[in-house]
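Residue numbering begins at 1 within each chain, and the chains themselves are lettered A, B, C and D in the order written.
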C-alpha cells in the first residue's frame, strides 16, 4: 500500500560510474563513493568490476551499495580500471542474474559492461543473435550488447563498439572496462546522462551525474556528448564522435525529479532549474496564501522559488520521518492512515487556519497528492492549493524510466479540472511545457516524450 | 571518524509510549507507530510489553523499531494495555540486557516499566537495596526503580509509585503497565517530556512527544505535569499531583535539537520556537549576505527564520544524501574528505561567488562545523558566516542526555573568537540565552544547565 | 511432524562446564570445547560467564555453541574463572531471557550461576521471596537460587550456598563463578551428573559429563558426590559434604540415552552399560534372526551387544542422512513418507528377505518405531522383531528431563502386547528393570522414577 | 587446520536429479528430497530448474539444500519437468555464478542443464567457440556444453546433444530439462553414475544414486548405460545408445567412499561391497586383536566385515560428535589437540589395554590417520593396527573428483612401510587391487586411475 500512496514517482533505473586511476589501492573505494552518491538512481542491486593485473574480477549482489560493497569486498578488489553500477529496475526482472556489471570472456579478452538505459530493439537483436547460435543467461539488454561487441571484436574492440552503437536503438549510457581501457558511450540523443571528471591525482572519472564526480573527489570536466565514445587509457583521453545522427535530447525528468539537486547535467544545474520552475509556476498560477511548503524532499527548490516570487513565507508544512526508508509492517484496515503517517506528517501548528500552497515536482498517479491534501486539511488549513512544478505525465517512457501503464497515469486520463476534483484541492495548476523548458535556461533539446508523446525514435506500441 | 565529524550533536537517550486501548487487536500496532515516530530519540534498541489476558508479555531487541517489531511480533502480541520504548544510550552499556521495557513479577502481580531519563541517586539506592539482599541483572536505573516499587507494593502499587517518586532524584518520565492500568509519571521538574492523547475510539495514549500521539491516530490532550502521576484504567483517568515540590524545568534542548519539529512540548511548538530562534538570531547578529542555508536537517526552521528576518534568500547550500544513515566503509587516509561527502555535499552552483550564512542549531565539539565551512569555501563561496541558533554548550547533562566530557565541549574551552578561528569562519555568532528563552514564547521555566551550569538539583561531580 | 515421528526421545535439559585456569588466555576456548562436547544435552541456547579482572562478563544467546560462541566472543573474553551452559528446555519457556549463565550483582560482589536440573519447590520459594519484595525477570529456577544465595551472603557466599542447598528440593548440578572461586554443587541424590577433572597445566575443570573433561584436554578425577559442594580457588580444592541426607540416585536415563557413549558417570561407563544392556536383552528375549541393526545412532552399542550374544550378524539396516539435523520443509500430504526418509532410510539390499531384529534404546511415544518397522517391512524383510534396551517409560520426570504428558507415553497406556500390535512388529520385547540395573554393573542407587514411578522425593501431582 | 586433519578424503564434486512428473504440485518437493539424499555429493551450492507452463524458472544459491530450497521457493516453483543439482567443487571456483543448473535461452527454446563430472577438453572447445564470437560468463564446463548444444540445435535438440556427446571428452552425467523433455546423458565410460526410477504415480526419476530414487518415493529401474541418452516425454521413455565406443568404467571410488551405503550403482550394492572389502582385507591382512573399530562413519561396513571374518568383536572405538559439521573457532596453538577432539573422540574405556584394529576406507594425505592412531594409543590401547579397505591413492583424478596434487598424496610418495612409520601404527595394510575388485562382485569394468594411473582416456599432464 505504501508504495502506491507514498511513492508516487517515476523511477530512474540505473546509475553508472567508472574510474581510471593512477592509484590501484583507492580505485574500489572511489567506485564505492561514486555509487553511494548515485544510490538514489537504483536501490535494488549494486556491483563493481575491476581490472586486477589484467584479470577482471567482479562482485555484485542484491541490496544497497553499503550492503553489497563491504569493507572486505573493497579491500579484496584493487586495480587501476573499474566500473560500478546501481540498479533499480523491474525491466528484466528482479534477480541476482540481472545485476550489473556484466563480465564476459571472449576471444580477445575480457570485458565488463554497465548500462543505464533501455534498448527498444533489443528483442530483435536477441533473435538475430540466437539465429547464430548465441545463448542467453539473463534477461537484460546488456547481455545482447556484450554479445554483439564480442562477436565483432576481431582484435579491435573500439571498432566493434562503434559498429554496435550504429545498430542498437534506444537510450544508453555505457561504461566499459577492458584490460587496458575505460570506455564511456552515450546514445545519439544523449537521453541518459554521462559525464567526465578528473581527480587531483590525475585519475579520470565517469559518472551518470556530476554529484558522483564530486563524491569521488574529482572536478567535473564535461558531459559526454550525444553519440560520443570516450576512451581512457595510459595515453590519455580519446574521443570518437558519431556526428551524423547525434542530436541532444536530454531527459527532462532528470531535472524534474531524478537527479540530485547538486548535479549539473548537460549544462543545466538541477537545483537552479527546479528553483526557476517554482518561480515560473508562481508567475503562471499565483495564489494569495499564508504559507508555501513542499512535499519532501524533491519539491523543496520549487517551493522556495514559488514563495520567493510571490513573497509568501516558505515553511515545513510536511515533516518527513528520517527513518521512513525502513521497511514497514502492513497496517491493518483500521490503521491505514497511521500507516501513511509513518513517512510524512503534517506540521499542524504551522498550517492551522492558513491558506496554504503545497508544491510537488510531479504527479504520476495522484494518490499521494490526494492523501496529503486531505491530511493538511484535517490539520486545520483553511484552503489547500496544489501546484506541480512540471506538466502532467501522460505517456510511458521507453528509455530506461520505470513508468506505470498509461491507464494508471492520472494525467493521461483526467483533465486538470477532474484532477483537482479527485485531489480535492481548492485549486490545482501544473507548470506549462514552455515554463518547464524555460526553467532549464537551456536551448539544447530535451526529450519530453513522457509529457507530450513526442518520442525521438520509434517505440513499441504495447501500452 | 564519521561519528565525530558528522554527528556533532547531543543525543536524547530514550522515547516512551503507552496505550490503553478499547481494541486489543490494534494495540501492538499503535505501539509500533508511536515508537516509529519517536525513532529519532533512540536507535539502539526497541521493545514492547503488553498485557495479554492478565499476563504481561514482552519483546525487545537491539535494532531499529522496524527491525525489532516485525509483523510476526505484532500479530503475536495483542492486549488492551501496552507500553513501548526506544533507547539510544551508552549509560548502562549497550547490551540486550539493558533494553526496555523491563518486565518484573513481584508478589502482587506483574509490572512493565519503560523509562526516559536518568537518576542521579541511582547508585545510592542500588547500594541500599543490595544491603537488603536485592540482586541486579542489568546496569540500568530502571531495575532500581522496579525493585523499589515492588518492595513497597503491599497490594497498592500506586501508593508505592508515589513513595518511590519522593525518593528517586533526577529526570524521569515513566510509562508503566500493570495488569489493569496504564500509568504515566513525570519527575518534579518535568525535565523529560510526556504527554497524553486520545484516539477517536476512546483509547488513551501516552508519549514522549506529541508527534507520536498524532502517529498513533490520537488527539493531543495535554502534557503530564511536573510531579504528576496519571493513572488510566477501565474507569477513566485519575491524576495524582505532588504539588509541594513540583516546578517546571523543561529541557531546553528538546526545542533546540531533540524533538521532532511537528511536536508541541509543554505548550511550546518545536518548529515555531526554532523559527523564532532564527529570527531573533538575525536581529542579534545580522549579516549582509546573498544566501542563507542550514546544516540539514535540524537547522532548517532557524535558517528560514533568519533569512526571512533579513530578506536574504534561503536555499539548499548543503545537500544531504538520503542514504546517509547507512553504515559505511572506513575511508582510507587519502579519501578522508570523500568519506565526509557521503553524508553531506555542497551545492556548488548555488554557493559559488556568494556571501553565505550557514545556520546550525547547536555546536558540541565544533568539528563538523569546521569541516563544512571549509567545504563551502572550497566550493567557491566568497565569505562564510556561521550562526548558531543556541548558546554554546558548556556543561554536561545528568538528566538523560548523552553529553561528551567537558574537555570535548568546544563551548567550555574556547571563547567565541577562538571558536571562530578554529572553524575558520568569516564571522561566528551564537544566539543569546535571552534570545533562546524568548524564542519559545513561554514563561514557564526551563532547565538550561548544559548552557549555564545551573542544575535544578545536586549532580555528581565527576566531570 | 518430523519431531513426533523421528525424534521420539526424552530430552536432557542442560549441560554445564566450569574452568579454573592457570592461563586466562585459553579459558574461554576451554569453555567452548567443553560445551561443544555437551551440545547433545541442549541445543537451544548457549552461554559463558567469565571473571575478567574481578568483573564478571558474560555472553549468551539462542543457538548452538558454534553460533553463540564465535571467534570474536572468545577473543574478547579472557580470565581465569569461567562457567558455561547449554540449554534445551521448554520449562521456563524458550526465550533469550532464560538463557544461562545468570549473572547477578549483589551486596558483596558478583555471581554467575549455571544450572542443570529442575527444582520441585521453586514456586514456593519464589512466593516466599516475593513476599520479601523480590522481583523476578525470568521464569527459570536459577533466578530463585541466585536470589536466595545473594540474600544470605553476608560476606560468606559458601555458607550461603550451603544453607540454600538445604532449602531447595529437586535435581540440581550447579556451577558457580565468583570473583575468586569456581564452585560445583550436586543435589543430595546426585540426580544430575557433575564431575571434576584436571588439565596438564594444573587447571581444574567441572563438567556434566566426562567426555567434556576429555574435550577440554583434562584427565577425569572423580564425580562430585551427592550433596557435595566443591570449591576451587587459588589454594586448591576444598570439599564440603552434606552427609546427613546424601544418597546416590543417579538418573538411569543418562545411561539409556542422554549421555555420550564415551562418558563415564558415577563409575559406570555409558558405552559399556549400553552394550551390556544389549547382551542381557538378548538373553531375556532371544530371536533366531539373520540380521540385527539399530535405530541410529543411540541404539548402536545395544545392537552390537545383542548380536554378539546370539551370534547374529550386526549391520547397518537403517542409514542416517548425515545432514538430517538441518531444518526441513514441511512435506505435503502426498509426500509424507518421503519426508521421513530425509532422516533415515532403509538399506534395502541388506534387509531384503531376512528375519531382522531392530534395536532401539527406548520408546517414548512409539510413533517412530511403528514407522520404521513399516519401512523395513516394505523394503522386503521377512520378519521384523523389535527389541528395546530399557523398560517402557511410564512416568513423567520432574528432575530436569523434558517428558511428554503421561497420556502420550505409550508405555503408560498400553501393555507390551498392545504396543506390539500398534507397532506391527512380529515380536516386541523390552529389557527388564533388573536387566537394566545389571547392565550398569553398579550397586549404587539409581533414580528409576520414569520407569516405575518411584520418585526419590515428593513431586507435583499435575500429570 | 581441521580440514586437513579431519577431512582427509577425496571429494565427489556433484550430484544431479531429474523429475518428469504427472503431478506438477509435487515436482519441486521431489527435487528437494532427491537433492537432500545426495547432499553428501556436494555442499557448496544447490539449485533447481523447473518447466512452469513452457517457461523454465530456476533458483540456485550457495549453501546446503535446506538453506537454498526453502518452503517459499518450493511453493513458488511448480511444473511437470525439473532438474536439480548440488555442487561441491573448487574447479571453476567457488562463486554463485558457477552454481547449477545452468538455464539458457537459445533460438529454439530454453534449456536447463546440470552436470556431474569434468571434461578434459573443455578449454579447447571454449577456445573454438570464442573464435566464433561466443562469450562466457562462468568458468564451468557446463556453459561450454550449453553453447555447443544450442548452436547445433536447428530445431532438433536431441540430434544436437548426440553430436555434442561425440565431441566432448571426459566424465559426464547430464540431466537436461527442455520445455517438453527430461533428458539424461552418461559418458561413454559411465564414469559418473546416473540411474532411472519410477514413482507409483507414473512419474519418472533420474538421479546420481539410487538412494535418491528411494528418497523421491520411486522404485529403481536401471542404470543409464555408458554412452546412453535417455529421453522422457509425454510418450514415455526413449533410449539412444552410442554403441561404438561405449565401455563400462565405473568409478571405483563411488564404492570405496563417495556413494551412500544404501545405493546400488551399476549393479553393485555399495554397503555390500564395503562389507566384502572388510572381509577380504581380513583374509589378506589378519591380526590377532581384541577389538575392531572404524573411523566414523564411512569405514563402518568394512570394519564390521573385518571383525566378522576374524571373529574379533566390533565396537565404537571412536565417537563422532553429532554436531561436528558445524563451523569452528580456530584453536590456539596450545589447544590444537582439543580442536581435533571436537569432531572425534576416543572411547577410552573401550580401547584401554586392548590390541585394536582401526579400519578406514581410504587414506589420502595420511594426516588424520596419524592423529587418530596417536589418540587411540594415548587412550591406553596396547597395539594399534591400521587397515585400509582400498589400495593407496597414487594419482589425481580428472573426471570430477577433487584430488590434491600428487605431492600431497601419501600413497604416491611413500611405501607402505614408510607410511606405517609416519602413522606410527603397529602394522598397516591396504586392501589389494584384486581384493577391491573382488569386493564389488562385479565383472564389469572400473576406472581405477586414481589407484594405478591407468586413465581410460588421455588426460592433462600438469600434475
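In this section, a residue touches a chain if its C-beta (ideal position, glycine included) is under 8 Å from a C-beta of that chain, and two chains touch if they have at least 3 such contacts.
None of the values given here were measured: they were computed from a predicted structure.
For chain B, the chain with the farthest CA centroid is D. Separating the CA-averaged centres of chain A and chain C is a span of 61 Å. Computed from the mean C-alpha positions, the centre of chain A lies at a distance of 36 Å from the centre of chain B.
Within chain D, contacts with two or more other chains are made by no residue at all. Shown here, the protein chains touch around one cycle, each chain meeting exactly two partners. Touching chain pairs in this entry, ordered by label, are A-B, A-D, B-C, C-D.
Those residues of chain C lying in contact with chain D across their complex are 23, 25-26, 29-30, 32-33, 36-37, 39-40, 64-67, 69-71, 74, 211, 214-217, 260-262, 264, 269, 271-272, 275, 297, 300-301, 304, 308, 313-316, 319, 321-323, 325-332, 334-335, 337-339, 341-342, 345-350. Chain A makes touch with chain D in their complex at residues 96, 102-107, 111, 127, 130-137, 146-147, 150-152.
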